[in-house]
Every structure is written in structure tokens, then in C-alpha cells.
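Below you'll find the structures, each written out as C-alpha cells.
There are two complexes below, and they share chain A, which is joined by chain B in the first and by chain C in the second.
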Partner chain A sequence: MTSLLTQVVVRLLLAPTIVIAAAVLAKGYSSVGDGFSAGVIAALGVIAVYLVLGAEQADRLLPVRLAPVGAIAGLLITLVVTFSSVVRGEPLLTHAPPPGADVIHLGTLELITAVAFDVGVFLLVFGAVVGILRTVALARSEAGS
Partner chain B sequence: MTLVLPLAIPWFAAVALAALDGRRPAVGWAAVASLAAALVATAALAIRVWTEGPVETVTGGWPVGVGITLRADALSVLFSLLTLAVLVVCLAHEVLSGIESRLFPALVAFMTVGLTGLFLTGDIFSFYVFFEIAMVSAYVITGYGGRPRQISAAFVFAVVNLLGSFVFLIAIAATYHVTGSLEMGQVAERIADVEPSTVILIAVTVFVAFGVKLGLFPFHFWLPVVYASVRPAVAAILSGALANIGTYGVLRFGADVFPRELEFSASALVVLGVITILYGAMQAMSRRTAPEVIAYSSIGQVGYVLIALAIGGPIGYAAAVLYAILNSLNKVLLFLASGLRGWLVGAAFFVGVISVAGIPPAAGFFGKLEVFRAAIEDASVTLVALLFLGGALSVVYLLQIYQHVYWRPGGVAAGGEASPVVLRALTFAVALVVLALGLWPEPLLAASRAAAEVLVGGPE
Partner chain C sequence: MSLPARVSAALAALAFVLTLAGWWSGSPGIDLPWAPSLGLRLSFELDGLGVLYSLLATGIGFAVVLYSGAYVPLHLEHQQRPHRDEVRFFGLLLLFMVSMVGLATARDLILLFVFWDLTAIASYFLIGYDRQEAEARTAALMALVVTGVTAVLLLIGTLVLYAEYGTFSIPELVASVEPGGTVTLAATLMALAGLAKCAQVPFHFWLPRAMAAPSPVSAYLHAAAMVAAGVFLLGRIYPFLETSELLLDGLVVVGFASMFVGGIVALTRDRLKQLLAYSTVSQYGYVVVLYGLGDTVGVVGASFYVIAHALAKSALFLTAGAVAEATGERRLSELGGLRRAMPALALGSGLAAAGLAALPLTIGFFKDELFFQAGVERSPGIAVLTILGAALTFAYIGRFWIGVFLGPTRAPAHRVSALLTGPVVALGGLVLVGGLLPEPFVALANAAAEASLGAAASVDVFYHLDARAENLMALSAYAIGAAALAAPRVWRAAAETCARLGERLGPERVYVATIRSLNETSDRIHGIEVRDLRTRIAAILVPGGLLVLLGLLATPTAGAYTVGSLDRGDTALVLVLATAALAAIATTLPRQHLTLLLVAASVGFSLAVVYAFLGGPDVALVAVLVETTLTLLFIGVFALMPRASLRRLAALRTPPTRRWRDPLVGAAAALAAFLVVWGALSRPSVGESVAEEHVRLTPDAHAKDVVTAILTDFRGLDTLGEITVVAIAFFGIATLLRRGRLS
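Right after this comes the complex of A and B.
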């Protein structure tokens, strides 16, 4: 199934996939999109590499070994954002700064805690999907050899 | 803050534990300590709820229905307390006997997150999300031990319960479709205006979903295979902590969200409850190993909760809550004792036996007593007779297995080495708790009545 063509295309597709994921993550605050869908899109790019190149080669090409670390870091970020509002004396998941306040702009992206929350969700979804996939792929290639 | 701490502690503990090697005793004890801290935080919340009334917060400061509602009332804190206590004991038991898997403490912590979350939420969708967190951890925990029996048990458990979750998700979608809200209070208000034929369908779907979790007849088929194959501490976690989802769900959704439908289907529930009791008892009588007998017994015991729920009213609901709590304590005690050898173990098992059978001074007596009271209140002679028959059968099958395991020369308990004394002491401590609750049942009775008042009063 994996001809030279698919091998080249899948490598070329990876970078645009990540860019699209980043765009979906960033535009989630004014239109459709969020960390969850961004995580799934980015994971799809990595899954394609796994399918075409196989587990060992994908492992060498990408830092997927770090996937579980990413997932745990992502979960930790979301938890800190979720519970930090309680420390400030506001209800759970209240984001800062509040609506109407002056915020730092990064292009069209406004830097608020909701962005940090979504980056956490992105890392969690991406890390978990890739991590699970890698475990399954390695188990399969071990069984095959 | 009091409402948030019981959620925050297990969350952070779970993430930290996921990064550590759970086989090291220090990590195991840290997990036990964090769950115990969550238990203390929940106890503080419970005291506030019992003295000042329900505590409620909406995330993000949004209006109700937009943000997620977190609500602690007398019913939810009681179930959280019970579940956390069970998890602390089971995890301590497993740490003492040596954890084999690196992720076990983290998984138990994640399960705690799911369970406390679903007890403390007032929103049906986040109920589902927390429910899935608990279930996914449970699938992995079931496979703990890694022997083929346990892996196949985990497979059966995961497949059947995923079906149950799927059915529940359909019911949630349908609820949102007809009411336009997933906040429990709003749903309960608006559902009264929806056509009854639609609502009864949703209510039945929800009931089937929780019936699968609980192992009610006729959704029980997965339960004996799973409970009898996994390690004793895991069986205790599944039957003492995870099964509370089913009882809490049936109570919360049945009595709080769909009260009209519950009343409508009361006779069907009574019939199902009676069949469950008799079927569980008959099957239990024909088994010869302790885990299998306890597994079938736990099918049967759920029938009492169902009957009490169907009778309804303050007395019926209080009986259902009380029975559910005592049943989960009994199961923890029996499963933990069934995996041990040596002196004190037989005594602990015997306390569990008389508690399930409903013989004083064990706490189970009051559970049976309250269900009988509810049946007498209902003025149904047949029901009282059938409950009595169920109770008598449980005496027969439990004393039979007690004799078979602990008295027979060459029985299972006679051979082999004695288990570490700390493990036996821990199990015996659970037995003492069951006895203590039987000798001084007033606090528990008061707590279950307070929980029943929440259900009778309906949503505020």
C-alpha cells in the first residue's frame, strides 16, 4: 500500500495539518473551533505518518515518545486554569481578565486564560490520541516480529 | 470552596500519580493519603449541607442552564462519602498486599474524580462525562493483575458497559431534544409539559442504562463473570464504589428528574425487583466458591433497592438509600474477606454474612427492616412475603458458603499460608464498622432520611 508517492505526500502533509490545527485552536474564540478539534486534527496528521511509514520509522521521525508527557502537561494546565479562579474567590472556570477588560492582542488572538485552557485541552487530546496509537502500533509490531 | 475541594484534590492527585510509579509503596500511600484528604473535604462539605442545606455553584458565573451547575445536597454528599471511604479502604488493602501495576493508584484516583464529580454535578451532560471518566478507569482496573481471566473479564465488562453508556447518551440527547436543557432542575420542571409517551421512553432508556451498571435482572449477565474473575480488592471497588453510580443514578433520575414516570412504572419495578431478588438468591445457592456466591448475591440485593424505590415516598426512598449504602459496605467486606486466609478473616466474613442476611447486630438488619417497613406501609402482603422469602434464601446461601469455605476440613480457607496480619486487621476494621453501624444506626438513618427528603421535595 505504501508507495513512494504516499510516503512523500504524508510527510509533506504533516506540517500543513499542524498549521490548520493551530488555526482551529486560535479561531475558536470568534468562530467554530477549539482545543479539542485542533487536537484531533493534529493527531490525524501523526496517525497518517504511522499508517504509511510504520511504528519504528515514525518513532525516529517524530518526537512521539513524549506524547504521554504532553497529555499529562495538558491536563495539568487545564486543571490549574479551572481551579485558579476558585483561589481568586470566583466561581469555578471563571476566566480572567473579565469581559470588557483590556487584553494583550497577538494578531487577532486575545491572551486570556480561556486560551491557556484550550491549549491544555489541545495537548491532552493530541498527547492521549498519539500515545494510545503508539502503544497499539508498538504492540502490533512486537507481535508481528 | 467547600464544594470545589472534594473535586480538586482527586484531580490533582490523579495527574501527579499518573506520572509516578505506582508499584512503589510510597506512591501507593501518597495515593491513599490524597483520597483520605478528599474524604475529609467531602465530610466538611457534608456537614455544611446537613446543617445549612444544599450548596450550589454555577461555573464561570454564568446563568443556570448556560454554565455547568455543581450541586451538593444530602443525597449526593452521602453517596460521595460512602464511595470515597470504600475507595480509601480498597486502595489501602491493595497497597498493603503489594501493587503490581504502575498505573493502579492513578486509575483509582481518576475513578474517584469521576465518581465524586458525578455525585456533585447538577447537570446531566457533565454527569455523563464524569460517569465515563469513572467507567474508563474501571475498564482498565478490571484488567488489573493481567492474567487471561482478568483480561477477558475486563473485555466483557468494557463491551457491556460501553453499550450501557451508549444507551444513556441516547437518553441524554432525547432529553435535550424535548426539554432544551440539561440542568437537572430545569429538566425536571420542563419535562412535566412534555407528552408522557415520549418521556416514558426516555425514562425507560435511562433505567436500562443504569440497570446494566447495577447488574439488575435481566441485564445481569456480565456481572458474575467479572466479579468472580478479578482480584478481591478490584471486585470490592467495582461492587462497593462503582455500582453506586447505578443506585445513585436510579434514585436521582427516577425520583428527582422523572418522578411521574417512576410512579407510573412502579408495579413493573416491583416485579423486576422481586425477580432480581429470587433469581440472584437461586443462582447464589447453586454456587460453591465465595466470589461467585457474593457476585450473585449482589445481583439479588439490588432488587431490594428497586422495590424500595418503587414504593417511593419518604419511607421508600429512605429505605432505598439506606439499603444501597449498607449493601455496598457488605459487598466490600465480603469481597475483601474472601481473598484472605488466617484467623479474624472468618469472623469478618461472618459479620458480612449476617449483615447481608439482615441479622442483628450487623448493620444490614436495619436495611432489611426499613425495606420491610416500606412494604408494610404499601400494605402489600405478597410483597412482604416475597421480601421475607428473599431474606430467608440469603441466609441459606450465605451460611452455606460460610460453612463450605471456613468450616469444612480441607476447605479453601484451611489450606495455604495466612495473609499478612495488617490486611486481616484492615478487613476486620471494616467488619467492625458494619457492626458499629448496626449498634448505633441513628446517624445513618438520619442521613438517609435527609437524602430521601431531597428526593421527595423535588428540585428547588
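Right after this comes the complex of A and C.
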């Protein structure tokens, strides 16, 4: 069904896709993009492999079994960030550092709790999208067998 | 014991020790704001009442976990279920323990409500643990509905108080409430929630049904924790209750009614756990009466009674489970003479039964002494009723213990694990210790009463070897109870008639009828709504459309519709919009599912381009990504459907009746949507919009991109809700397609 060319291309494309997703995530605070978009981009890269190589090969090639773990970890990270401000004695989801305070920069990336929240969103969206499509694919192969 | 059992036992023991240490170090607490703009705080304090119920939840929880370590594997074996189901059992038990401790220590009414509902949810799963059995499922649902629906009354009462006093904090409310209609209303609503939880008449019917739960669950929930939460609430809101004499009198009436209904029915039950369940209804009746009688003696007595009852009753429930494991019998008429085969169990449960029957040298003697004292202080009539109640207790508990352990051996017993008898003996031992050395227990009850009364309470109990009223009342209660035990023929027929009358006319029928009619209504609406895809969509769009239309008609139209101007720079935008419109029209044409899907996706992609032209690159990016993902998902789902039926559906011709109706409806809807959007876009925005404020605040959030700042900061809670929905959708799909397997 798929030619050798697509099989090679899809594998080659995976790494750049992930890099772009990471860039979209990291640059979210200064330009277009955020955790949600980054999650979907990364997931689309994985799904392309799935479509071209089939569920079995893709499972062998990529650690997609861990997708649910990613989703749950993402949810936990966002919850931790959300409630960490309560422990500091501030209302729910008050990000640190406060407005006007100095922030550590790593290039364009600034280390603030909102970034951690966004990473949680990224993991959840990535895990859930890959997980959902994989569930559908597995249900199909189970129904077929 | 298995690993989950060990871990749970360790955690329960740790929690118990920590609670004790907390009590020792003097009421530690935490107080954190989590939504200060709504007046909500995470506020916990280990006050007297909190200590009492936390100790019960963790201490008896520990005994029950040990017992379950032996019981649950056997139980699962009988039902041929896999051993890993054990994890679920202990997980739920721990969840229940946590919610009970949270409930006991919460200092904020909203928190209290949250933990109240958490206990109900945990109990739903625990009662329905044998989920393959219809009886267990019905019982679980009944417990959830009765305690869950009345929990709403607790919330309403909370909001009534908040509306009047502007705070959810219990100490602040206690300091500021004044007798009056508002407080009485709120207290009544909350008390109803509490009465339903502790299975008082007329809500009592859920408790005997809940005996479908495994025995350790009954021992924990239906003796020491879940049901005790009901009277805990009465203790917690006692300052509100005592503002109204009428309300307290109402409690006395309900308490006595439950005492007698539960006691009489308990005399007629044959199944061990049913007998114990009705006895619980009756015993919590005592506690409700004590709160109703009030004053220091009543409130201390209520707290003391809860301790004594929890120790004794959980031991008896565990006895019922151990007996059923040893003999395979669950009925009084099939059991007897077990003292020979199971002497340790006979001793432990004998002590517990003696405690409930209030014999001297057990903790139960003092519980009844306080009960009699409170009755005598009120009036002679009440005093007589208290004697009759105590006599009933004596009779049915005697019937239970004598029936199981004395007389000729009816069912042979095989050896059971020491873990099944050990906790019973330990709890029975505590009943005895409480009778010989009541000081620590009384100190606990005094501390709890102090939290309820807001004033120091120091009630002491001693054995008095004289002819005071309480002693005479206890003696007459023993005498009446013993007489009833000796001559069952005198009352048997009358009690049976009462029990049957209750079944025929009782509140359970109301419950069943209500649930049935609700189900029927729901089925009917469901039938109309989801008959086919058209009615399902219509059920959402038609009411929504009508509302919008009403809004449109009510809005003044002068100047509402303006036509702007276009210049050359807009050409590209117009072209893209035209493409999107054409694509939308084109979706009506294809007959093949896949083609239809791709055409529909093209609408989404053209709209993404529109966003890009309008200067919303973030939105455009998300639109492209979401459209791609959805298209892939649709393709995947189509692949799940049988080819033949897809082909058949594609070949289906539209029936002639629909050929005109559907386009007409579509056109009307489109026209209405067009008018609404046009009207909305014609209005110039007034004042500073939220969007402008967001743009202004973005630098404060250390961001340069407004959309990201909105998603993660300004509207972060919305994002949290949305991604939670994504996660739930994932788990739901996994449940539907792969029975919950995630990977």
C-alpha cells in the first residue's frame, strides 16, 4: 500500500517534526504557538509513522505504548502547578514569579511556572491524541483478527 | 497478607498514630486560601470532634484492613474473580478513610460538602464491590441516591448561611449566628442530610440493602464511619441546631422513631447482617436522641455513644463475616453452638454484644448511663422511652449472640485464619477496657462535645453502687430485655406484623416508585431525542435556535445592520471566504463517506486561512492542526465500520418527503445565523474589552504572545478544565473500544 519512498520519508520527517514541536513549545511565550499546538504537531508526526508503517511496526519503532503515561503525567503536572500556588498561600493557579520580578532566561525561554503548565498541556495533548488514534487502530486490528 | 493489604494496613496505622500525636500536641491545623475571591479556603483543624471521628476512621479502619487481608482473598475465590481485584478493594477503602478524615477535620462548609460527597462515592463503589451481582449494584445505587440527593440539602443549607453571613468558615459562622428563620432553615436542611446518612427513619431503608457489601465493608462503613458521618454532621452543626428548640425536639422524635423501628425489625431478621443493619439504625437513633436532648450530658453522651457503638458494632459485623466464612451460613436459623468450634470469636463478639447491651464492666454500660441521665433530666416520659429502647437493644443483641454461639451445633465450622478472629477479639477487648478504664474514652467524648458546644464539657462516669435512677433504669432494661428473650412467642407475631407493614407501606416504596418514574421519563425523552441523527441534532439546535431568534426579535434593529466597505487589500480575504463558502455548499453533494469527510475538512482549512489573513496566526495554527487530527480520527473510525454497511448507507436515496424539508430547514437556519452574525459584527464595541485588558496585562505575565498568556495564565483554569476533558475523552474511548485498556 505504501511505497518505499513514503516509508523512508515518514521516518526521516519524524525527527524534524519533534524538533519543531519542541520549538513551538519553547517559543510559545514570545511568538506563535503553545503547548497545545506543540502537542498536536508532535502527535501528527507519530501518527504519520503509524499510517504509513502500520500499527505493529510503529509500535516496534517508537515508544508509543507510553502515550497514556504521557497523558497522565501531563495532567498531573498541570494539577501540581495549579495547586502549588495554594501551598504558597496564594489563590489557585497564581503563577510565579509575580509580575515585574526578574526571570531567568534561557534564550527566548523564560523559566516561569506558566511554562511548566504549558509543558503539562503539551504532554497531555500529545499523549491523548496519539493514544486515541492508537486505540482506534488497535481496535481495528483486534476486530480484524 | 498480600502487598496491597500490607501497604493499606501500614498507612492506616500511620494515620492512626499521627492523629493521636496531633491530639497530643493540641489541635494542629492548616488554613490555605484556594479561591479567596469566592471565600473558599482549604482549612482543616484537628479539634475534639475531628480527633474522635479520625481516630474511629483510622483505628477501626486498621482493624478492618487486617481482617480484609484474610477475608478479601477468600471472598474473591468464592466468586472466581482474579486476585488483582484486591487492589481495587484496598484502594477504595483507603479513599474512604481519607475522605472520612477530611470530613472530620474540615473547617469550611464547602470542604465539608466535598468530603461528604467523597465518602458517598467511595461507599458506592465499596457497597457495589461485587459488581457482577445485581443486588449489590442496586444497593450501591440506592445508598448513593439517598445520601447523595440529601447531600444537596447540605449544600443548600451551606449556601443559605453564606447568603446571610458571607462566610463558609464554620468557626466564623458559629461565632456570628443568631437564632432566627435563616439559621433554622439552614440547620434543618443540613440535619436532613445528616439523618439520611446515618440511616434514620424515613431514610433508613438504604442501610439494610447496603448489606450486599462484603462484611468488612459493612463493619467499616455501616458501623464506624459512613453512617457515623451522619451524626458527626449533627455534632459539627450543633451550634446551629441549638438555636431552635423545635428542631432539637424534631431530632428527639426522629431518633426515637428510628430506635423503635430499627429495634423491632431487628428482632425479626434472620440474616445476621440484616439484623445488625437494623440494629445500627436503632443505635444511631440513640445518638440522634442524645443530640436532640442536648445540654452537656446529651452532647457528651452522643459522642461517647458513637465510640462505644463503633467498637462493638464493627466487631459484630466482622463476626458475621467470620461466621459466614467458617460455616457458609448467613442465617440465624441455620447457625448455633459455635462457641465450641470458635471460642475466641465467641469471646470477642460476646464482649462486643455485652457492650451494646450495656452490661456492667463494658464501655456500653456508660453509654446507656449517659443516655438514661439525659432522659431523666428531660422528662419521665422520655425516661420510659429510653428504658424501652435499651431493652430492645438488649433483646436483639442477645438474640444475635445466643443464636450464633449457644445452643446445639447446627452448621459445622472449619478453621479460619487468625486474622478473621483477631480483630474481633481486639475490638471486643477494647469494649472491655472501656468498661474498666473509661477515662480516655470519656476525655475524647468531652473534647468532641467541647467542639460541638463551644464551651468546656467535663462529664465523668463512675460505677455507683446505689439505687440511683440510672442504675434502676438499667436494671429494668435488662429485665425487660431478658424477659423478651425468654418468651419470644409473646412478641414474635406482633413484631413480624410491624416489619411486614413497614415493607408494605414504608418509604422504600416511595423511593422505588420515584426512581422508576424518573427512569421512564428519561427513557421517553431519550427515545425522542436519539431516535436518529436528525432528532438528536434537532434536540440541540432547535431550542438553541429559538432562543437566539427570541433574542434577535427583542433587540432594537435601528442601525444594527450596516454594510462596510472593501478595498483592494481585502481581495485575498474575500477570495478565501468565498472558497470556504463554496466548500461548505459542496459538503451537501458527495455520497461517499470519505469524500464527504475530505470536503468537510476543506471547509476547516479554508477557515484557518481566513484566520491567518485576519492576523490570528495562533488561531490559524491551531485550526489547521485540529482539522488534520479530526480528519485522521474520522478516517480511523470509518475504518472500524463494516465496509458493506458504509456502502449501503452511501447508496441510500433521500426519501421524497425529505427532499424539500431538509433544504428548507437548512436555509432557514443559515439565514438566521447570518442575521445574528451580521448584527453582532455591525456593532462597534463599547468601552475597554476583555481582549484589550489581556493585551495590556501580557507583559506582566512575562509573555509576549497574548494567546499563550491567556491560555496558561489569565484563563488557565479554563485550560485545566479543557485538558481534563481531553484526558477523559481518551479514557472514555479506551473504555468503549478496548475495555479500558490504555496501551
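The rule we apply is simple: the second predicted complex is superposed on the first by the 144 of 145 C-alpha atoms of A that agree within 3 Å, B and C clash if a C-alpha of one lies under 4 Å from a C-alpha of the other, contacts with A are read in each partner's own complex, and residues count from 1 in each chain.
Operating definition for what follows: contacts are C-beta pairs under 8 Å (C-beta built on N, C-alpha and C of every residue); 3 or more make two chains touch, one makes a residue touch a chain.
As the structure is a computational prediction, the values presented were derived from the model and not from experiment.
In the superposed model, A:Leu75 lies in contact with both chain B and chain C. Touching more residues of chain A than its counterpart among chain B and chain C is C.
In the superposition on chain A, A:His95 contacts both chain B and chain C.
Legend: residue contacts after superposition of the two complexes on their common chain; A:Gly28 is shown touching chain C, with no touch to chain B.
Once the two complexes are overlaid on the shared chain, A:Val40 sits against chain C while remaining clear of chain B. By the document's definition of touching, both partners, chain B and chain C, reach A:Val86.
Taken together, the two structures place residues 72, 75, 79, 83, 86, 90-93, 95 of chain A in contact with chain B in one case and with chain C in the other.
Note for the complex: chain A touches chain B at residues 72, 75-76, 79, 83, 86, 90-95. Listed in rising order, the residues of chain B touching chain A in the complex are 1, 4, 8, 11-12, 15, 18-19, 57-61, 67-68, 70. Residues 32-37, 42, 617-618, 621-622, 625-626, 628-629, 632-633, 636-637, 639-640, 700-705, 707-709, 711-713, 716-717, 719-720, 723-724, 726-727, 729-730, 733-734, 737-738, 742-743 of chain C are the ones touching chain A in the complex.
Listed in rising order, the residues of chain A touching chain C in the complex are 28-37, 40-41, 43-44, 47, 51, 65-69, 71-72, 74-75, 78-79, 82-83, 86-87, 89-93, 95, 97, 99-100, 103, 110, 112, 114-115, 117-118, 120-121, 124-125, 127-129, 131-133, 135-140, 142-143.
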